[in-house]
Amino acid sequence: MRTVVVTDPPRADPGDAETLGGFGVATVHEALGRVGYLGPELRPAWPGARIGGTAVTVLCWPGDNLMIHVGVEQCRPGDVLVVATNSPSTDGLFGELFATALAHRGVRGVVLGSGVRDVAELREMGFPAWSRAVSAQGSVKATAGAVNVPVVLGGQTVAPGDVVLADDDGVMVVPRADVARALIASQARVDKEAASRAAFQRGELGLDRYGLRDQLPDFGIEYLPYEKWAEEP
Amino acid sequence: MRTVVVTDPPRADPGDAETLGGFGVATVHEALGRVGYLGPELRPAWPGARIGGTAVTVLCWPGDNLMIHVGVEQCRPGDVLVVATNSPSTDGLFGELFATALAHRGVRGVVLGSGVRDVAELREMGFPAWSRAVSAQGSVKATAGAVNVPVVLGGQTVAPGDVVLADDDGVMVVPRADVARALIASQARVDKEAASRAAFQRGELGLDRYGLRDQLPDFGIEYLPYEKWAEEP
Amino acid sequence: MRTVVVTDPPRADPGDAETLGGFGVATVHEALGRVGYLGPELRPAWPGARIGGTAVTVLCWPGDNLMIHVGVEQCRPGDVLVVATNSPSTDGLFGELFATALAHRGVRGVVLGSGVRDVAELREMGFPAWSRAVSAQGSVKATAGAVNVPVVLGGQTVAPGDVVLADDDGVMVVPRADVARALIASQARVDKEAASRAAFQRGELGLDRYGLRDQLPDFGIEYLPYEKWAEEP
Amino acid sequence: MRTVVVTDPPRADPGDAETLGGFGVATVHEALGRVGYLGPELRPAWPGARIGGTAVTVLCWPGDNLMIHVGVEQCRPGDVLVVATNSPSTDGLFGELFATALAHRGVRGVVLGSGVRDVAELREMGFPAWSRAVSAQGSVKATAGAVNVPVVLGGQTVAPGDVVLADDDGVMVVPRADVARALIASQARVDKEAASRAAFQRGELGLDRYGLRDQLPDFGIEYLPYEKWAEEP
Amino acid sequence: MRTVVVTDPPRADPGDAETLGGFGVATVHEALGRVGYLGPELRPAWPGARIGGTAVTVLCWPGDNLMIHVGVEQCRPGDVLVVATNSPSTDGLFGELFATALAHRGVRGVVLGSGVRDVAELREMGFPAWSRAVSAQGSVKATAGAVNVPVVLGGQTVAPGDVVLADDDGVMVVPRADVARALIASQARVDKEAASRAAFQRGELGLDRYGLRDQLPDFGIEYLPYEKWAEEP
Amino acid sequence: MRTVVVTDPPRADPGDAETLGGFGVATVHEALGRVGYLGPELRPAWPGARIGGTAVTVLCWPGDNLMIHVGVEQCRPGDVLVVATNSPSTDGLFGELFATALAHRGVRGVVLGSGVRDVAELREMGFPAWSRAVSAQGSVKATAGAVNVPVVLGGQTVAPGDVVLADDDGVMVVPRADVARALIASQARVDKEAASRAAFQRGELGLDRYGLRDQLPDFGIEYLPYEKWAEEP
């Protein structure tokens, strides 16, 4: 691993990141063609937060949060801190003191591939955090890593400056180059969903609304009344 | 897999299902002889819901929610939608739009062996959902499955028309043929538990109340004061 | 396994246990040199509780809660019941009736290596519980175990009379012999954290506060502006 | 749970079971329409065995092998013993002594949802076993269960007398009523696979052999030379 | 954690350890009353080894094998190296070079709560290893731990000088104080198993041999011919 | 996801890939600074294979192997097929027929983030495969994906043309741009390891060879004879 701190990477527009955050992870994920989701293992430390920001990335050794200290300094208002470890770890690399420092810098939240702690305090502060685990297990500051290099988290590559979105459904990344497209596609999807929602509230069926009913025979799907089904061998 | 939609299966009485739901999963599970529990992996998307309803079952291909669209049409008031996949998957096959359609039809909740998404919206709507995962990962509509055939979920067979109960302790199934017995046995258990609760509030011990104390020697259990224990080699 | 019930083991002071509980798991764990944490798999049944008490330990056969009945009688005000099974199990060995009996005896909470049930009722009663799983699966009373012998839970040895702390970050054990040291070290850490918190609120960086900046070259960490980084091969 | 031992259930033909076993799990699973597989968690205790037999089913309490003792007596030549527990357990319920007794009765192997032990001895004896775990953890004989009732294992229902197949790819069940169809469909698939194998050895592509190439545009799949791909934004 | 290297702890007799190793893990575990097993997650790096030796214990930081270097020097002929990490880690802390050094010192094998690597080379050398994972992920030497203090691994406490046994069924610990008892009880069990094996080879049933048949009615177990079972509702 | 097949990506030299494969995963991983390992979850279908080749990447929908059929055509001698799914899946997407087709094209092996089947046949053919699971569960050909785009597998980004190495220790990726450096650094490491191996065979200690002994006091490590340790409180 190259032990480097990359300074001032270009970032997506923080306002765009906030707008995408407002759409929510499930919507933007669908709008972009079902890509970029960091998977079901990253869960919020407390429910109800919904954020979008620009990634500052940190790569740590397991059980060691030295590089988070280094990474804090690289953060600006509108950022989201994204922390990966270079092998699996559930240790609580991040807690309330880091959150205090990040809140001062206008950082919108944190995403960790390892664990988080002080979750009662984070909830009270309203500082949003997503992680693979909650763990009080503390860390040393003994081994170098990297800041603002691309990291892999939850099966996705997150580059510094990318947009990271997170809510109760989990976390996703929108590459910087795809932000403009994501904004347009997400708004379109929201409009379409609003129309569908209204239709479903009136009792319309997805089978009809999405034109699936006519395709069912092609899928080989047959309908059978229960009585007929039950008497078959 | 036979790609069939079985229509109008006989259902347990929805009122009975609601009554059983009110007893709660742990109580009915005990009352029936500790059977029917779908295991600790199925968790509520939000805490506090408690439901009982009649199962409409759906079998999907992983990453594919085509058959949920087909299944919605088969639902009636008092039903619970039960979705299995034919191999392990955590993808978010179900979200707020489906919940809107089901709520319109009077469906009481959903149970999925895979993932759910839009959990903030589900919580807000008050639509109850239990699943193995929360995941924003979206799905295609490309491969046929089945509706209202018996499915296996969490180590239990759920047949269409069976009663499904769910609360913060998880999910259980009561086969249609066992509903009458479950109602009687659950009420008896509730009464017995109320008496035990009152006794425990007065300080009685389970050791005495359940007649265990006299059996302890048969179990080979001996009592030792700490001092004697500590000085043994 | 020796099927023994050890009576009246010496306990740490319940007031000291309460004081340590107030400091919280993450703080005491750090103060003692990052030891004693029972790992990220033990989670609270409901959020927000924070306790400290003296351990009464129970060792059960999987799927069998006979020994919890035996253990209840050994509990005193200020205790925490700690239940291990001698092989992995997620069954719900503990529920609301046990909690009622323990509350009557002044017990502060329960920690289980297996599952808990009646979590809605426990939340309503305000009885704190931590466990590896939530499970409605019930148990028999058929096989002997032990009470107040040292047990291993979450990678830690818990002896009867040790202090057990638990909050939203998980569970930890403080051996009876370390309580005095833990009180002093935790208070010192709380004071130090308060100073750090104030500093971070003013914008000071951990890099400077903890003297890490000067060590960065020794760690082999270099800083690179993004433009230079991007043009390297 | 009803604590019953069902005697002399009708069984599929043991010769048919052996024939299906020879086809292998992956082949029969495909031939029947991709159903009946017990999932990737059931692994062989030693590699290389391939069996097919008729199920004798046993339902045990976790950590308790009383019912296996009862089940042995119900076994005949050509059977496969199938053991489920009514909640998750990895304990080693089965070992070399049971295998000795089963081998004497002409039983072809064992499948357990829990653990197996004495694997070195089983390998030496050549007695085939599939399980979720290898575990030396021993068991008691203290709680009743059932023999020859339908059990759920690995997401499938196994009824007594069904055919169970197992090899290095895992375990599957063929319901008794589907055996005739499985024999025909599996032979057809083996013939088709032999032709495909020969074609692939000559260099033919699946894309062409299965007529997929013409469908690619309908799937929305486009081909791009690397140079063009690389220069796109 | 106290960063200490305890030198020359008293050890169980290496000959006794070897004898116990020969009995095998499952046998000794049963003989001692089903205690001491380190669980199904510790698996051999290659099949067929069976060892018994005296524990030299090492406690490492995750991702860091500094203390294994320190521990090697504390090893003597007849020892088994036992390595725990103080939070969960799968990294490959141990490989062929360490095995070479240990083989030179007459060490009989290694047990790790984390990962092992160079497994092809270990198999070729015939150096036995048990671990939670196989992982090529390498480690640093940056953080202190301890040698020859009691460690917890797989839910058991291993003290330096205890006997550690390992084979294809996993790993177990016999506390130094229990070795004499284990030798006698294991030999008795081996004799009893030999008699049972011979009986089972002649066709005797465990039901009869262990006197279970007469107890079945007390367990509430009833026998039902299939025809009667099938016609019940 | 863009449903594209990128043709003829530039590849690393197949001879270089083979040379790196010969060094083994653990060695190259260390030589490059402990990067590129795909983690402990990817295991060989059969032990003993050791390969290095150039990546052809495939991205599939879970439970769907359409794109593997497309990918086969893009393979050349010296390649390794690398298959990811865009959400977690254990299904057996790859078996003996695919292996036959790949062997004909001179492909050296396959790496899958999902499952593999026909493992007995693969072992017999000598076709190497690494995967997260063994599963007989079959797949459909219904949903488009991509070929030769960068994929994420086991926490690493694999680009087409990168070198992929695999052996009993798992799988790693060497980016195309790092191959030259990897060759030099790996040879240097092999030489250094040979010297260390010889030294350890003579009884030298890593403590001395790596200059660690002098650093122990700086790490805060103290040595204590057992007698002194035992008498401390």
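As written, the chains take the letters A, B, C, D, E and F, and residue 1 is the first residue of each chain.
Keep this in mind: contacts are C-beta pairs under 8 Å (C-beta built on N, C-alpha and C of every residue); 3 or more make two chains touch, one makes a residue touch a chain.
Since the model is a prediction, treat every value here as computed from it, not as a measurement.
K.L.:
Could you tell me which chains are in contact with chain C and with chain D alike?
P.N.:
Looking at chain D and chain C together, the chains touching each of them are B, E.
K.L.:
Can you tell me the least number of steps between chain A and chain F, where a step is a move to a chain it touches?
P.N.:
The fewest touching-chain steps linking chain A to chain F number 1.
K.L.:
More than half overlap in residue numbers between the two sides of the chain D-chain E interface, or less? Answer same or different.
P.N.:
Different; most numbers are used by only one of chain D and chain E.
K.L.:
On C-alpha atoms only, rotate chain E onto chain F and read off the angle in steps of 5 degrees.
P.N.:
120
K.L.:
With residue numbering as the guide, point to the option in D-F, A-E or A-F that repeats C-D in over half of the contact pairs.
P.N.:
It is A-E that reproduces the contact pattern of C-D.
K.L.:
Provide the C-alpha centroid distance between chain B and chain F, rounded to the nearest whole angstrom.
P.N.:
41
K.L.:
Approximately how many whole Å separate the CA-defined centres of chain C and chain E?
P.N.:
A distance of 27 Å separates the two centres.
K.L.:
Give me the residues of chain A that touch two or more other chains.
P.N.:
As it turns out, chain A has residues touching two or more other chains at 34, 37, 39-40, 86-88, 90, 135, 137, 143.
K.L.:
For this assembly, give the contact graph shape among line, ring, star, complete and other.
P.N.:
Other.
K.L.:
Which chains touch, pair by pair?
P.N.:
The set of touching chain pairs is A-B, A-C, A-E, A-F, B-C, B-D, B-F, C-D, C-E, D-E, D-F, E-F.
K.L.:
Residues of chain F touching chain D in their complex?
P.N.:
Those residues of chain F that touch chain D are 3-10, 46, 66, 69-70, 72-73, 90, 92, 95-98, 100-101, 104-105, 115, 117-120, 123, 133-138, 141, 143-144, 148, 160.
K.L.:
Under the stated contact criterion, what part of chain C meets chain D in this complex?
P.N.:
61-64, 86-91, 135, 137, 140, 142-143
K.L.:
Provide the residue numbers of chain D that touch chain B in the complex, in ascending order.
P.N.:
Chain D residues touching chain B: 1-2, 33-35, 37, 39-40, 86-88, 150, 152, 155-157.
K.L.:
Which residues of chain D touch chain F in the complex?
P.N.:
24-26, 29-30, 34, 37, 39-40, 43, 47-48, 50, 167-170, 172, 193, 196-197, 200-203, 205-207, 210, 212, 216, 219-226, 229
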